[in-house]
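In the two complexes below, chain A is the common chain; its partner is chain B in one and chain C in the other.
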Partner chain A sequence: MSTDTTPPPVRESHARTWEGTGWGFAAKLVLMAAVNALGIYVAWSAWTVDQWGVLVGSLALVVVADVVYFSRRRLAGKYIYPGLVFLLVFQVFTMAYTVYVATTNYGTGHNSTQEQAVDALLIQNERPVEDAPTYPLTIVRSGEDVGFAVVDESGQVLVGTAAEPMEAAAGATTDGDRVTGVPGYDVVDLGTLLADPALQEEVLALRVPASQDADDGSYRTREGTRATVYSSSLDWDPDAQTMTDSTTGTVYSADGETGQFVAADGSTLTVGWRVGVGLENFTTAFTNPNYAGPFWKITAWTFAFAFLTVASSFLLGLAIALLFDDKRLRGRRVMRTLFILPYAFPAFLSALLWQGMLNANPDYGIVNSLFFFGARIEWLTDPWLAKLAILGVNLWLTFPYFFLVCTGAMQSLPNELEEAARIDGASRWRHFRAIQLPLLLISTTPLLIASFAFNFNNFVIVYMLTGGGPRFTDTSAPLGHTDILITMIYQISGVQGGSADYGLASALSIIVFLVVGAVSAFAFRRTRKLEEVL
Partner chain B sequence: MRKTTLSVAAVATMALLASCSGGTEPEPAASEPAAASSAPAASGSLVVWVDENRQPAVEAAAEDFTAETGVEVETVVKNFEDIRADFLAQVPTGEGPDITIGAHDWLGSLIVNGVVDTIDLGGRESEFEDVAIEAMTYDGQLYGLPYALESVALVRNTELAPEPAPATFDEMVAAAGETDAKLPFVINTAGADGDAYTYYAFQTSFGAPVFVQNEDGSYTTEIGMGGDEGYAYADWLAEQGQAGEGVLSTDWTYDIANQEFSDGNAPYTVAGPWAISTFTDAGVDVAVDPIPSAGGETAAPFVGVQGFYLSAQSENKLVATQFLTNYITTDEAMQALYDADPRLPAFSTTAEAVASDPIVAGFLASAQQGTPMPSIPEMGDVWDHWNAAEASIISGQAKPKAAWDKMLADLDTTLNG
Partner chain C sequence: MTATTDSPVVTPDASRRGARRRRWWLEVGWKYPLAAVVVFYAAFPLAYVLSASLSPSGTLTGSTQLFREISAQNFSALGDTRFWQWAGNSLVIALSVVVGAVLMGAAAAYAFSRFRFTGRRVSLTSLLVVQMFPQMLAFIAIFLLLLTLGEVVPALGLNSKLALICVYLGGALGSNTFLMYGFFNTVPRELDEAAKIDGATHAQTYWTIILRLVTPILATVALLTFVATFGDFILARVVLTSEQNWTLAVGMYGWVSDQLNANWGLFAAGAVIAALPILALFLFLQKYIVGGLTSGSVKG
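Up next, the complex of A and B:
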């Protein structure tokens, strides 16, 4: 820019201008302050729980936000940034985390970190010495050292610290069974203890040896007013990464491959931790005889279920839409409303109701008593009938949607086409097949694909209606003839009880994701072709 | 852990600095213990997960606690069904509560996942019902503070069957046959899914416990349902099932079984205390008896125990234990828990106090005859196979021995890999 020409007046953005009232810039500052505060709060929370990934991520997001919004350029960034953040946080992160879990043994017995597993094992193996009495306890301090003072059965005061075993304290004063003073120590009252989290931690961690002999165990307290003698049977050696059982002498060493403490004879300790297992979960899904057989059957049924549901409900919806498109029909509005009703019920509620109505006993099941002359038909326990029942109920639930869609799409078709066809002498059927249907398909195909993807993962209907049953008789896995992939994953994840295997469940969900993704990609290409033809 | 304290102190200091810009020196941050005084000094807070029904009772106990110690207790209401999975998932991340309410049969999985701490009642175990302490004990350690028991019992329509129920199942069916009720007996079979929990007392009367028990009543991981006793029970299910006498049916769901009993169509049912109000609301006068024996031995139903668990990752363990052992373990708090959500109290004095109600006494008698549901982690894997086998036998779809053998084989695969 040369100095002798005046630059053309550039209009300042509202978000920068200080002219006028300056509200634009002020509003931006407030908004950005809020964003920064939120980011720093998240980072802080992450720091307190040692989540370094979240810490770095949230700080990076905040810095980028500041750069983008306070810089003069990066106009595109200002529009894209919020969307990108949501994509990162809600989609990319979730997917990445699922992939990560799929490569670990996360599940029952491998629930947390090694550090927490060690904590839990030490807790579980430190127990009160049998028949050890409980003594009223007073916390005492001597300089930095915290100690215990208890009154024993004979009324004698014993005092000790981590370094000095319990010994009778001469000159101690008591009030009932409470120690009120010990020479050389300050008495800490309960109020002080409860007000001081750091002291509480120290008191909980304190073990005062009962005597010089370590086998006699040590005093500890759980709540600050009583002490009992505990002894621990496990010793943790952080340098060697071993747990030693002091009663049997067995040494359990940490096995980083399986995430467990293993002894030489192969026995393990109860609590394990999470470790990476590579692609093992993916191979399990296909090779474990318990899962491999059902997996293929369930995959086939999942495709059949999704396809048949979409096909049947689309055809029924379309047929009824055509029927009601005929202007000679009376009371069309009322009838249309009635047809949409199933769509208005929550699916899980309908599924439960249908489960009751499909009860095989005609005394309880209204379907058998009204439509099948009171015959006993095992709708939910026969493998084929159960599949039919699922398809039927899902048809009942889904066709109103396609009825609505088709009605709408048909009303948007120009009337001229119909007239022209009639003048050309086309039959009703010919008109439908050659003109109406292709035009309808253009607008409904994306919805059909979406519906396919939805039904591919239609957990609610299967879970509520049959629970996946009736069960396969040729496998030990708790899976059944009407299970689809998503209910199989739920079953394996163990959320509803039983032993959980989140690693395997994640691996399976990735496989399902790939399948659904491939189907959608293929289908969308087909849709584009359909449009090109016309 | 220390980090939190530090950061809290830092925030507090910053806040103080900000507010004290007037020139006065800020007080030193909270790391210095407050001067020794009996006045409660507020510090930290406890987070307790609890379901909607029991929240008021826990809050009432918490009020005293807060007044005396200055520690706030925050109750977080959760769906009871979600608590177990959430606790397992959130404790390791540090997001879990300090204390949660839960059922004793979660214990096994809480332990192998390392999320639960032990509880030291300081010799007060004898103040609880034996079966409750037994249920919350695992490998010699007490892991939860029990407060309520629950078990099923035989519920009788006193109008149809005024006499106390006979001691055996066959006599009961015969007695029911003398009434003009449509069915002799109903029991929840959960439709075609099967409900081994409600049926369990009949199974134990054949001497086939789910897992082999040690002499002290604790469970091993060895399946106890095999052998002749197990087959005898399977045969009995088939005999009484739809292809046999037709006394039992997989057509009954929980709702249908309760409806039939409420309608006066059956003089007897097996149900838990949770179903009693359904019956009395329908105008049925009920009495509660122990479950009759089907196989000759004592019919021992599962006893479930509800209690409080302490998180292994709690940062306030001392305060939390103080709350549980000194503020929940009192007559008033236990009575309040009973009033909020009437389940059989596990605290003996409270149990005595409420046993004047004949229905409560009936369930208590049934529970005392029962055995705690196994809390070993393997228990969670048993239900699916066990329920399915029973349902297929009752419906007549499978031969009893074949179905029972398949169940045993499936359990072997599931439990032993």
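Up next, the complex of A and C:
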């Protein structure tokens, strides 16, 4: 990726050849060997679990690493590559993947491919076959695999695991009605099973196919001592792409548009699969009555929150910086140290602390009892007061940052400007307005824009202070008056359990990115103009 | 505070001294009470949490008298919780990310600042764009990516601290390169050239000359990265699923959100312990932070 125009180094790098005490070369060889080994290990394991994307990705990264580090040129590449790998995998790829997910219906009920959905449906709808006999069961193990061994009606011993259907086992021993030994398997006695909860779960989830034919059903157990044959109430017809419920006779046919099995009466089966839905997720946010109303309110509040936070904390920080940047004041260093305490306190702790100080129960809360004479002010449960609380707490958290920044910027302004202004007879205010502020803005505007972008996605303060509450009453979505877009995305994504809609959440992520990007780009343009004017 | 101004001329004239004093009050003196107000505003919540951590009654809601009772009960009670384990996790994760992010960011900034290669401008611009997409927004894709990676290499799957570290390192280049790039540009190139003439290789120049000169920005980036990683909630919450792997942010959120009043004493004690090292670092390094933020930020 690089063709350097810098002249080649006068001496060979220590990392190229072994000369004298050149440990650089040895270190490089060891590192590159480790990188190659790691890459090939990842590629190999990806091969064994059929993850082709990971396989190709890891091989490509290793090859590029070898080219970059063993080539004589590509100096810049040598310095950029390590960071670039992480950037590509964990940021650029995830951005691209977000775009992909946003165009699918990925989420609860639409987790995988159609094939896997069919399997899941068949398993979920398994019922004990009517009048099916129960067999005395013995749990057996073969290495990591757990299996079942039963004695059937004719006294024959059958053994199987999840991967291998039941088969007659030659040379098995029984004590009459229960298997005591099978060649090639270890018998797990009941005591061991009862003592091992993980094994119990495995046994309860285990289905051993009765034969190669899926229609014959499978052996399952409910308590580990008896097995029954289960068979699915659904029949899958791969040619017609239909599922037939054998108990009711309803026919569900696969709908490639929505990724679900749909019956004639419109009812659907619980498990669907992932299909592309185009831009549907992007419109859902605006049209679905559950989201549309809250979405606009939340968007407006997100802008207001980010703007007001930046404006208020910049103004306060600037004012304090101006007032206390006075050479006649003593103890300025001590003051500065005390002023920036909130900034140095981790933000998540501050938000949680303020949550306690403001308190959801207005009878408690130090702020009410100390500063408002015990008045019942519902800081966190009234929609407007909750917004005010968030802005107030964020002002407390952020003003020290701008105080620091403005102090630093002012100290780097040349003193002569002030003298010149004074000689020309400018008032202090005029001096500030016409000289100090414009110069300050040049160096602080990038930080103001960055701060806006940061606060636009300031998850911690909202989530930890109010949790987005108080809740909206006109929607069933788990959203509230103080939610900003990022907390809204988090709530509806369902990564914390509950019903998940990865598609919709990803679509919203992209919208947020576009908004922040546009605002930043616009603001940076304006700054550059400002700079040219001066 | 005595009322002397910068000219230490002793004049017995009482009226002139009074006028001078009035002027001092008008221009300088009133700032001291104001400073007291600002300090109170900034420090009150912190004094309050310190007081709550020392109060044996353990509620943050009842008492309005600070430091009325003092006991170390809450601090010793932390030993019965997973607090120290979470603190250990937070430290391990944050320190690993700091080391990785500083090394990778500095190397990239050096390359952008010193080498002229094809695609340099494009790469810089793309970095600027990528940086605007915070990883936090991609948490769903990260969650799904780790699900897949976990199938291949379990150590990089969900609920792995290593995976979380890698995720954070993914954001290292975007957020830090510009801050460092600006600073690297302020180091005179003549130094590199002199070193080259003396026969130094590019690696020697980088490790022994440049890195020593940019220590202030390294310290700034290290501190900011540490604080950001230490305080991250959303990615840690999504990636680390089992309680023994949680970080402080995830764990302590649980204390406060689950049982509102029951764990405030513990929370306060934990907050004091978690915040003190960072507070100390910040106050110790504040002049580097100011310098780093303003000189490193790319203007325009």
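We take it that the second predicted complex is superposed on the first by the 335 of 534 C-alpha atoms of A that agree within 3 Å, B and C clash if a C-alpha of one lies under 4 Å from a C-alpha of the other, contacts with A are read in each partner's own complex, and residues count from 1 in each chain.
Going forward, a residue touches a chain if its C-beta (ideal position, glycine included) is under 8 Å from a C-beta of that chain, and two chains touch if they have at least 3 such contacts.
Every value quoted in this text rests on a predicted model; they were computed, and no experiment measured them.
By the touch criterion defined above, A:Gly467 lies against chain B and chain C together after alignment on the C-alpha atoms of chain A.
Contact comparison for chain A: of chain B and chain C, C touches the greater number of residues. Of the two partner chains placed by superposition, chain B and chain C are both touched by A:Asn359.
In the superposition on chain A, A:Gly259 contacts neither chain B nor chain C. Applying the stated contact rule after C-alpha superposition, one finds that A:Ser369 touches chain C and leaves chain B untouched.
By the touch criterion stated above, A:Gly317 is placed in contact with neither chain B nor chain C. In the superposition on chain A, contact is made by A:Phe348 with chain C only, not with chain B. Looking at the shared chain after the overlay, A:Val49 reaches both chain B and chain C.
By the touch criterion defined above, A:Gly39 lies against neither chain B nor chain C after alignment on the C-alpha atoms of chain A.
In the superposition on chain A, contact of A:Gly160 is made with neither chain B nor chain C.
Once both structures are placed on chain A, chain A residues 49, 355-356, 359-361, 364, 467, 495 are touched by chain B and, in the other complex, by chain C. The residues of chain C lying in touch with chain A in their complex are 1, 5-6, 27-28, 31-32, 34-35, 38-39, 41-43, 45-46, 48-49, 60-62, 64, 103-105, 107-108, 110-112, 114-120, 123, 129-130, 132-145, 148-149, 151-153, 166-167, 169-174, 177, 196-197, 199-204, 206, 227, 230-231, 233-234, 237-238, 249, 252-253, 256-257, 260-261, 264, 267-268, 271, 274-275, 278-279, 281-283, 286, 289-291, 293-295, 297-300. Of all the residues in chain B, the ones that touch chain A in their complex are 1-5, 7, 31, 33-34, 36-44, 69-71, 84-85, 88, 91-95, 109, 111-115, 117-120, 122-123, 139-141, 191-193, 249-251, 253, 255-256, 312-313, 315-319, 321-322, 325-326, 377, 380-381, 383-385, 388, 395, 397, 406, 409-410, 413-414. Within the complex, the chain A residues that touch chain B are 44, 47-50, 108-109, 111-113, 116-117, 119-121, 123-124, 126-128, 133-134, 188-201, 203-204, 221-226, 228, 270-272, 290, 355-356, 359-361, 363-364, 380-381, 467, 469-471, 473, 476, 478, 494-495, 497-500. Within the complex formed with chain C, the chain A residues making contact are 1-6, 9-15, 24, 41-42, 45-46, 49, 51, 53-54, 75-80, 82-84, 86-87, 89-95, 97-98, 101, 106, 320, 323-324, 326, 328-330, 335-350, 352-357, 359-361, 364-366, 369-370, 396, 400, 404-405, 407-409, 412, 442-447, 450, 453, 457, 459-460, 463-464, 467, 486, 489-490, 493, 495-496, 502, 505-506, 509, 512-513, 516-517, 520, 524, 527-528, 531.
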